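After this come two complexes, each holding chain A, first together with chain B and then together with chain C.
Up next is the complex of A and B:
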């Protein structure tokens, strides 16, 4: 246990310089983009009521004429206190904006993760059990197609087929006026979540397949067979359970793809989440928002890989020795 | 003791029987072909991949020969025409031939994909080879730096850099190189770390050869294999990224025909439903092309992996 704690601490300490470098790069990027830094600190309403004389004083006061590195440290300090600046286009504090958009993105991401985990591990394990069969080959080809089709193209095809031609599901958006009940809401979720989920499935499937093949060659599986256990028991209880642990860990590795994918999917389906806001912010040259969303997505990925490291260390004690 | 063992005869048994028969008949020639190439040809998916890749690649390369239209020429009498013999993929809202645009767009998309992959591989190998061999502080610094770039979600980093650099074909290539070199660096470095302990390296070191000569001339050829294989997969990735970026309207300027830009034109629902030819064929071509590259990449990886039988 003490060992684990030491490992966790070591990993945490290693993350600090990473976070510093990343925030530095983000601030550098913010500095390179056009725009007056004072507008990142005040909402536009406030800014309009300040006379230029006062603004120049403020510039001095807030150290905007300071060297770059000092400005960076001050910005970082503000960040740590939870002041993320203001969106240029509508003057809303970025913190409030993100808090408002986050639930939508979370909902879509969780649904996509659920779909890809269930579908990917079930298909992967089935194809490992029937290795070399027609079904396995078909799934391999399907997996190859899955990682190769552009997500937005897949989304477009789904919109045309299921929303426009068949009319089963709405084209996009998250809510409709006068909508009540979870069921009506679910209709909006199905299409984007399936597209995002299915496009993530291929990776999980490949991983689950090779992991299951690995497990099925282990000695304890042979022992289980030798004991005369029925085949389904060997597969499900002995093989499946063990090979699934890395698949759970894989959720962490899928996060970068998930975040990138959500930008594309949220844009096509007009889903009011962070990915959609990111795209709009880039097009509208709303740099403070762009940088903040980028920063948070990196931090999310770092956190996920940190958790994955810890989880693997707990599941497999050998990792800590490295 | 010649007890007949009865068991189910499998596909492999039949294969071995065939081989034995051929051997007994003296038909089995010693194959002159490279073992990797032979394994590659045995991989059905990879062979199909090569064929599809060549068809699309050559069609795009020979675009001026295949099509007599100008990809930018608008013809207002021929707006939004469905596919016909004159216009294989129909025409778009400005009367431009979609088939021609797909071919010319493919040239640029391939250029961006391959150029970025080559650039990223060049920088990654250049740094990874030397730093992996020397180790020490330089290696640690570059390694941490590559970790920083790799911890960004690929698409987020690409879009973020795009918003700073502005739209443009070469900007896009530079951005892809910035986001892609880290993975190559780590791969080259890992290979160099294991090669470093080989005896030939140790002996050259003892002879006092220049570090650069050892790293780039003698060790690099042994470390480059996996990088070359990965070049195919990263080309596919960058083609997909370009398509996504241009589709979102953040990539190459809209007047330039690339696969992503052609698809971008079909973003509104009316076009999607009523003028399917403006986006469906292009999307299928992009998908086929990327699938074929991925098949080739997987085949290459399997056939060059000495731990796999074949």
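Up next is the complex of A and C:
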């Protein structure tokens, strides 16, 4: 127990320098890209007509004239005081913005994670147990296609088929005006969640299959059979339980990319989530928002690796946290 | 003394299939396991010892099957033809772990790393007895104690990686013995352990055998183990039992050239350094390209025209039989040498 506590503390302390380094690098990268937020706030015609004096004043006002390192420190200082900053383009507090974006992304991500985990593990295990069968070969091919098809293409096809041609589901968005009830809301979720979920399934499936094949060749599976256990118990209680660990690790490491929002899927389906906002913020050079989302993702990555460590220790008694 | 057979194997053939080729791994073997007696199965690596064990347990890999012959378990309430049972069917499963138990070579890998020792032993009890949870735990504790594991109350909730190799094998034996099996099959149970631990494990098995009147089939490479523990021996070569009989007879008066060559190729304890060891010449044939007739023919000193045909199993004397056309010659010289050294 004390070891675990020590471990948690150590991990948390280690996160501080990591966060500093990573945010610094992102800030720097943003600084190196051409243009600044002011040049994106106005159309080129307007920009040409504005008094350069005024532009310079605006730059001064937003603190864009300071040296890069000073700006980074200022940003950091504000952050430590709990001031997440304001979106440059529309002046909304980023705190409020995130509070709006995050639930949307979380909803989509959890739905996709659920779909890919359940579908991927079940198909992977069936495929391993029926190794070499027609079904296994079909799944392997489907998995290969699934891994190689780009998400945007798959998403587009699904929109064309299920939204435009069949008209079963809405094209995109998260809510419609005057919409009430969870069921109506679910309609909007189904398509993006399925596309994201299915595109993640292939990886989980391949992982689960190879992990399961590996486990089923182990001596203790033979021991379990020699005990006279029924096949389902040999496969699930002894086989699946052990092959679960690597699958959980894979899913755990995917968590941050999902929490950071899937840029592609959220854009195609006009899902008002973090990924979508991130894309707009990057193209608009909206530094404060980009930085906050980046920070958010970095924290998610670190927390996920932490979570994976703890889950592995829970799943595998041989692993000790230290 | 009339022995009571508990398992009778008759002319068993088990074939493996791969890439449309057929490996006749067991090519007509016959033997019996007797109540309260140990049968040691010896032979070179790859001769089919483990496959024999797997055949009795119906634990063969997917691409293999029992082609012909029979395995009969003489259960208290009537004979059961094991070879006719469905592989993972209900009847076969009710025998495994209850009437016929097995322990494996490597205790490091034979226990599931994510469950406690107590859970894994309890699982066996759960499927073969009507004991409830508390009773199962009590029985598991009792078993661990019997196997000589100290502080069983603590050990029962530990995971395999917290056990040493010898302890794990004890736990495996506890698992195997949990339902008082009639037959215990041990496939090289001590190969992965060091010598002192080996002796302890064998002592334990010997004790359990006498206490419970279990029939033991012990697969081993070690002739020392055979002379210590065996009541009967079966010598295997390339899928045949070339010679079998009581341990005294077979080790003292081998009637098959392979057995006698095998005995000459290994050092004997307490005979000093200057033993005249003769390795068996040649090497084991490719299982897919087997010699005609007697499998040992190409390596045999007694090879003759007749050997191109497989010799039948014929008795040498009471409880000692051999598959060799020239058995009389081999046996005769063994008896002569034996009586000379006694003089």
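To be clear about the criterion, the second predicted complex is superposed on the first by the 245 of 322 C-alpha atoms of A that agree within 3 Å, B and C clash if a C-alpha of one lies under 4 Å from a C-alpha of the other, contacts with A are read in each partner's own complex, and residues count from 1 in each chain.
Quick note on the criterion: contacts are C-beta pairs under 8 Å (C-beta built on N, C-alpha and C of every residue); 3 or more make two chains touch, one makes a residue touch a chain.
These figures come from a predicted structure and were not determined experimentally.
When the shared chain is aligned, no partner comes close enough to touch A:135: not chain B, not chain C.
Of the two partner chains placed around the shared chain by superposition, chain B is the only one that A:145 touches, whereas chain C remains out of contact. Of the two partner chains placed around the shared chain by superposition, chain B is the only one that A:32 touches, whereas chain C remains out of contact. Judged by the touch definition given at the top, the superposed model places A:282 against chain B, while chain C stays out of reach. Of the two partner chains placed by the overlay, only chain C lies in contact with A:227; chain B stays clear of it.
In the superposed model, B is the one of chain B and chain C that contacts more residues of chain A.
Using the contact criterion defined above for the overlaid structures, shared-chain residue A:298 touches chain B, although it does not reach chain C. By the touch criterion given at the top, residues 57, 59, 88, 92-98, 101-102, 104, 106, 109-114, 123-124, 127-128, 159, 161, 172, 175 of chain C touch chain A in their complex.
The touching residues of chain B, when paired with chain A in their complex, are 45, 144-145, 147-148, 151-157, 159-164, 236, 240, 243-244, 247-250, 263, 266, 269, 272-273, 276, 279-280, 283, 286-287, 290-291, 293-295, 298. Contact residues on chain A toward chain B in their complex (touch as defined above): 17-18, 21-22, 25, 29, 32-33, 140-141, 144-145, 147-153, 156-157, 159-160, 164-165, 171, 255-257, 259-261, 263-264, 267, 278-279, 282-283, 285, 287, 290-291, 293-294, 297-298, 301-302, 305. Residues of chain A that touch chain C in their complex: 218-220, 222-231, 238, 241-242, 315-318.
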